Each structure stands twice: as structure tokens, then as C-alpha cells.
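The two complexes that follow have chain A in common; it is paired with chain B in the first and with chain C in the second.
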Partner chain A sequence: MTLTTVLLLPLILTILVGVLELGAVRIVAERARIAADIATVTAVNDQDVDELARSGALRPSSDAERVAREHFALNLSVLSASLDATPEAIAEAADVVVFAQAGQVDPRTGDAYAGPTVRLAAELPIRTPFFAALLARPVTVVQLRSASSAR
Partner chain B sequence: MTRGASDAGTATLETTLMIVVLLPVLFAILEFGDAYHRWLAQDAATAHAARFAAEVGGDSPEVRALLSEALRDSGIDPTRAEVEIDPPRVGWREPIRVSVRTDLVVAIPFALTTVLPLRSSAVARGELAR
Partner chain C sequence: MRRIAAALLALAVLLTPTPARACDPYWDWCGYDDWYDPYWDLPAYEEPSWSWWDAVVYEPAPVYVYEPAPVYVYEPAPIDEPVPAYELVYVPAPAPPPAPAWSDPVVWTSPGSDMLDATTVAAPAPPPITPIAVAPSPDPVALAAAAGRHMVTEVWTSDIVSTQGTTTTYSSTTASAHPGTSAELVASVATGEASPYDALLFNRRTSLTDGRAVKGDVYANYVWNGYDWVFDKYVFFQDDLELARLAQTPIPTPPPASIQPPSATPPPSTVPAAVPTPVPTASPMPAYVAPVTGDVPPASTAGSPPSPVSQPRPRTVRAGIALAPQADPLGRIEVLRGRLIPLWVRATVDGVPVRVTRWQLVSGDVLALGPVSGTGDEPLMATWRSIPAVGGSYTVRIRATVDVDGEGPRDVDAAIDVVVRAPALVE
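Showing the complex of A and B:
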């Protein structure tokens, strides 16, 4: 019985560390989703002011895509210690699309947006040192998607 | 010593050993689960505060009140939170960063008691034309 107890100890500790690392991956992914949300909201609020003044129509500014990438990187920077790439590289590689008019269909998801929209999809490489030791998986990639519409 | 008394002693020893091992494991999962939950809630509150600060043009009592309410709703004492809004006044399309830091005490029986700093930060863009 004592032998069983001693043998079970590493197993229990392995499960504990695995649970904590899985939790850590999820929290990094959720924090990155918040970063993506801020980026798309900021970008879609970057309206073409001349068009707005002239016709009252909502239309994202011509630099909305750049604004989305820039703010995604800025908001990801707090997570840089957990990421396997720089925030700037992740933001640069992200698929950012500006849908200037209502009703346009997103080819990636098939969603039709009710208003002018900025959509961001990215792959987030998260460092997982324990999974590396246990499963030979040093990096876990999480898919992110965020879309914000103006109204 | 009889055989029955010896078995009972072994069982007591094994139970004690397992409690000493399993209790910290259980509490570690509970405490870190709570820490993760608080961290996410604090992040979301910080993001909302950054957006609001960008709308109203910077640091203001309304931004602080919104942040305090969001933190309180998440079970975080806002009076113990360190909040920084930089810059305090922001113009059209200028970046504004809201940073929040709180300390969470993590106590795991038979293992450790420590203070975990939870840091959140969000950057938004000024939307007020001055």
C-alpha cells in the first residue's frame, strides 16, 4: 500500500501541473480575445469622418485595418512572456478584414454583418513548458476571432 | 502488538500521508482557479475602463467609478486596486492605457501562502475631438 502511495504521488502531481497549465493556456487565450475585441472595436470606431459629415453614413476609415493590427499588438504586449512570437508578428500575421458596407458576407465564416465591420482572426502560439515535457508540445496554438460592427 | 492493531496503524499512516498530499492538490486547483477567474474579470473591467476613458477623453471620476463597480461585481475590492490611466488627458486618435494591479493571497495548506500580483492593462484610442 505504501508503495502504491509513493507511486501515485508523481501521477497526482502530474495531473495537478497539467490542470494548472491547461488553465493557464485558457486564461492567456481569453486575455488575447479581450485584446482582439478592443482592437476591432477601436478599428471600427475609426470612422471616415468626412463621409460621416457629408452623408451621415458609417464607413470605416481607410486605415482601419492598420489600426486593428496596431491595437491588437499593443494589447497583446502584456502577454508577451507567454507567447512564442512577438505581439507585432502575431498582429501582422492576423487575418484582418474591413467590411465597409452592411450585409457583406465574411468568406471565412459565412456570417453576414448588419453594419460596417472589422473582423480579426489570428493564431496565438502559447508557450506550454509542461506540455513540452509531457507531450512533446512546447507550443499550443489557439485560434482567435473577433468582429465588431458600427451602428 | 496484534495483527489488527498493526493494520489499523498502517491505515492511519497512509490516510495521513494521502491527506497531506491530496489536500494541497485540491486547494491548489481551487485557489488557482479563483485566481484565474479574478484575473479574467479584472482584465475585462480594465478593457471596459480603457474604452470608456477613450470616449470621455481620459482620466475622470466616471471612469474610476465604472472600473470600481466592475471590479466590485467580480469580487475584487476596488479600494485595494492600483489604477493608472496614462495619459490622464487624451486627444482624438491618441492612445490611452489603463493599468490595474491587485494582490491576491493564495493559501495552500501544507504547501505555501503567497501573494500573487494580478496585472491587467488595456490600450484604447481617444475618441474625443477637443
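Showing the complex of A and C:
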């Protein structure tokens, strides 16, 4: 019995560490996805007043892209210890597109949005030290995508 | 070991043959089931059960009784409908006396005789059928005449407004038809006279160019429902004339040479009497009368002789809501929830912007963050904190007061549909 335990202990520890690391990556990815969602909601929650006075239609503000990037970086700041890059760098490298007109097609996804939409797509590098020891993969990249519209 | 022995003992007890199975039908009484014959049609019998797996229920064989199929005779159900009073009632003829039949009662020819008398016994006479007194069908024409109405032979089709020279005629066209209705003249209204039937008319009562209602007759139309005339609608037959205003100052125009001046003894001729007909001529004061609105004739017709007709037209006052002091009025806007939106009330008279002397919020599901009335220099600061249903909108109605030249202040409503949106995730 003791011999069996000793022989299986490395395998058990490997599996346990892998599960814990994978769970940690999932948690960080989910929090980053929430950060992206809040950033796009914040960006679309501003209206172009000139266009509103001219035509009465709702159009995102001209600085919606900047707002999305800034708030994405601010929301990622709480996760900076788990990220392999700075939140500002991640937000700067993110693909943020403002679709001002309804019915425009997103070239990344091919989806047509029913209303003015702010879309954010980013790659989130997450540090995975245990994966580095086990799989020689120190950084795991998670794809993020979020889109918000005023409905 | 004791447990195993107890389990084996219990199993042996359960598998022990029961007394019923040990019964020999040749020597022992084994119950009815051993000589049960299903053809005997015995009642249901349940064999005494001695163990839990012998609980079998025996049922008798089914008994088939062959009976002829019932024959259903369908007879018409009596229709319980009242007979209209104006219809003739069918009275059947009395049935002939029944022919002699064996079922009829027979009597002996005489008491104590052994011969039967086959003569029929006279059946009691049926009670005489008395015809029902039927009321005569009412005559709709007579009823209409008694009520002071006439049968309709001309029906209203449309209203016609035709202009011939300086005369504008308001008339109604009719078509010959016999719809079976009756009509009654209920009112003859004069030009500009308000009538209580104006709001009840089937067709609209038009107005003259100065806004007064036209003259005409109001007829009440009735339809026949089989026993009485019932009211249908009010129809207005317009019949009015309108003469355009001529020059303010009669222009002394010499009569044409071909027209003789009137004399005491005019010669018999087909030429009509001399009537001073205004002829537009080039004069310092044109015969054109500028309307009250101050409009000027267009430049393209400045060279042509102005028309002697001047019809006063009502001033068109419109109001709208803009979102900026210098923006155009909008009919529908999309705003974010909770945002402060200024609503500027704007008005035009005949397309020309005029100053709004006063406005007041009339209705609308809106949260006003300021006064709900003011002048045209002040907007209504509005916000919305609720979101309408999908596809719906809120309508804000503001009453604006403008000063119309020559008429004084006039109120006009401005409305705008507001679609309130809120950010949400798409994916």
C-alpha cells in the first residue's frame, strides 16, 4: 500500500496541479471577459449629441473607441498580477471597432448588428507557471470578444 | 455461519411445496379450480392462495350475447322558433277518417252472440281548428309617409367644389337609386351656422375659404328592418356659393363701345342688360386684393395681369420640437436612459418661423427636470428613466402659443416620439 502510494504520488500531484492551474486560468479569463463587457457597455453608453440634434438618431460618441480602450485597461488593472503584459498594452493592442450605423457587418465575426455597436476583441496573456513546469507553456493566451449596443 | 444458515432456512421455507400443490385431484378435494370448466360459465373464483406466487385470479369465460343492432330512427326535431306575425300561418286540412282495420275495436253483434260486428266505432270528431288571427304586414312606405319621411330615390355620392370665375360653388352629387331607405329633412343650416348635427354627419361638412361652414341640408336616413324604420345616419347635402372679394375700390372702367349705355327704353335685343363688368386693365391700382396674410404674388406672375380673385386662406400654424436652439424640429428621437435632453418648442406660420410666446407640457411619460411651461427661449429639460416596450416609444406633447398676425394668439400642439434605449451586451 505504501509502495503504491509512493509510486502514484507524482501522477496525483501532476493532475492536481494541472487542475488548479486550469481553474485559475478560467477564473482570470472570466474576470477579463467581464472587464471587456463593462468597457464596451461604458463606451456605448454615450451619445453623439450633435447627431441627436440633427437627426434624432442614436449614434455612439466619437470617442467611443478611446473610452472602450481606457476602461478596458482600467478594468484589467486588478488582474495585472496574473497577466503577462500590462493592462494598457493589452488594451492598446485590442481590436476595438465602433459600428455607428445599424446593420453593419462585423468583418471579424460576420455578424450584422441591429444597432450602433462597440465591439472589442483582445488577446489576454495569462501567466501559467505550473504549465511552464509541466508543459513548457509559461503563458496561456485567451481570446476575448465583447460587443455592446444600445437597445 | 448462523446468518447463512438462517438465510438458507428461510429460502427452504419459501420454496417448500404448498398444500395446494400437493393436493391429488383424484383423492383429495382440491377446490373448484381443479375441475373448472370454462364452458359452464361459473362465477369468478379465486383459488385459495397459500404462498405469494400462487395468487392467480381466475375469471369466467366471456359470454357473448348476439343481439340485433339497434335501429335508430331519426325524426326532425321540432323547431322552437316564433312564427313572425307578418307571415301566413299554415293551417293543415283536417285528416280523413281512418280506414277500418283489424286493430279497431269490434263488438259482438248482440249480447250473448258468437258473431262479431266488424263495423267501426265512430271516432270522436276532432276539435275544430280555428285559424289564428294574423296581423297584416306593415307597409314600410305607409309607415314612412306617416312619419313624415319619403322614400329615397337619390343617394349622396360626393361633394363637389367648383370654381367658375369669381364664384365657387359647393354642391353635392347624387345618383339615382332605390335603396329601400327613407329620409327626412331634419335641418337646413345657413352659411357659418353651427348645427348640432355637424359632429354626427356621415359625410363631412366642408368650409368656405374664410373658415365658415357651408350651407346645406341635413337629412336623417332610415332603414327598414322588417317591421319598423330604424335610424341609420345623417347625410349632409351642401349647397352654397362663395363670391371672391373684388377690388377694394371699384375701378371706374369705361364700358366697351359695343355695349350701349342703359336707356329708358331699351331696344328689344338678345344682348343682356348692361352690367358693369370689372375688366382687368392696366391701372395704377390693380384689382388684385392682397390677402390679410400679406403674401405677395410670385415673381413669375408679376408681369401677367393679376387675377381679380383673392381668396382669403386660413393661416397654417405648425409646431415642432427640436433638440437644439437652431436645429430642425424632429418627430422621433432616440435617447439614452437617464440623459438630460433639452426640448425646444418651435413654430411656423405658413412655413415661416415665428416666435413661441409660450409653451406648456400637455402630456407625455417624461420626467421634467425644470419648469413644465415657459417661453420659446427656454427648453423643456426632460429625461427618461424607464424604457418602453420593445418597439414602443413615449410621446411628448407640448402646446405652443404663437401670435398670428391679424388673428391673435393661437394654440397648436407639438409632439415628438421618444425611444429610450439602454446599453446592453450583444455577445
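Simple rule for what comes next: the second predicted complex is superposed on the first by the 148 of 151 C-alpha atoms of A that agree within 3 Å, B and C clash if a C-alpha of one lies under 4 Å from a C-alpha of the other, contacts with A are read in each partner's own complex, and residues count from 1 in each chain.
FYI, contacts are C-beta pairs under 8 Å (C-beta built on N, C-alpha and C of every residue); 3 or more make two chains touch, one makes a residue touch a chain.
It should be emphasised that the depicted structure is a prediction, and the values quoted were computed from it without experimental measurement.
S.K.: Could you classify chain B and chain C on chain A, in the superposed arrangement, as clash or fit?
M.R.: Chain B and chain C fit side by side in the superposed model.
S.K.: By the touch definition at the top of the document, which applies to A:56: first (chain B), second (chain C), both, or neither?
M.R.: After superposition on chain A, A:56 lies in contact with chain C alone.
S.K.: Regarding the shared-chain residue A:20, is it in contact with chain B (first), chain C (second), both, or neither?
M.R.: First partner only, chain B.
S.K.: Tell me the contact category for A:12 with respect to chain B and chain C: first, second, both or neither.
M.R.: In the superposed model, A:12 contacts chain B only, not chain C.
S.K.: On the A-aligned overlay, A:86 touches which partner chain: chain B = first, chain C = second, or both, or neither?
M.R.: neither
S.K.: With both complexes superposed on chain A, which partner does A:30 reach: first (chain B), second (chain C), both or neither?
M.R.: So A:30 only meets chain B here.
S.K.: Mind working out whether A:40 is in touch with chain B, chain C, both or neither, as first, second, both or neither?
M.R.: second
S.K.: Now for A:151: first (chain B), second (chain C), both, or neither, which partner does it touch?
M.R.: second
S.K.: Output check: A:101 vs chain B and chain C. Expected answer is one of first, second, both, neither. What do you get?
M.R.: Neither partner.
S.K.: With chain A's C-alpha centre as vertex, what's the angle to chain B and chain C, nearest 10 degrees?
M.R.: Result: 90 degrees at the vertex chain A.
S.K.: When the two complexes are placed on top of each other via chain A, what is the minimal CA separation of chain B and chain C in Å?
M.R.: When the complexes share the chain A frame, the smallest chain B-chain C C-alpha distance is 6 Å.
S.K.: Which parts of chain A are touched by chain B and by chain C alike?
M.R.: Chain A residues touching both partners: 37, 41-42, 45-46.
S.K.: For chain C, which residues count as touching chain A in their complex?
M.R.: These residues of chain C touch chain A: 322-324, 327-328, 330-336, 339, 341, 419, 421-427.
S.K.: Under the definition above, what is the set of chain A residues touching chain B in their complex?
M.R.: So the residues of chain A touching chain B come out as 1-2, 5, 9, 12-13, 15-16, 19-20, 23-24, 26-27, 30-31, 34-35, 37-38, 41-42, 45-46, 67, 71, 74-75, 77-78.
S.K.: Can you tell me which positions in chain A touch chain C when the two form their complex?
M.R.: Residue list for chain A touching chain C: 37, 40-42, 44-47, 52-58, 109, 111, 113, 115, 117, 119, 145-151.
S.K.: Mind listing the chain B positions that touch chain A in their complex?
M.R.: Per the stated touch rule, the residues are 10, 13-14, 17-18, 21-22, 25, 28-29, 32-33, 36, 39-40, 43-44, 47, 50-51, 54, 93, 95, 119-125, 127.
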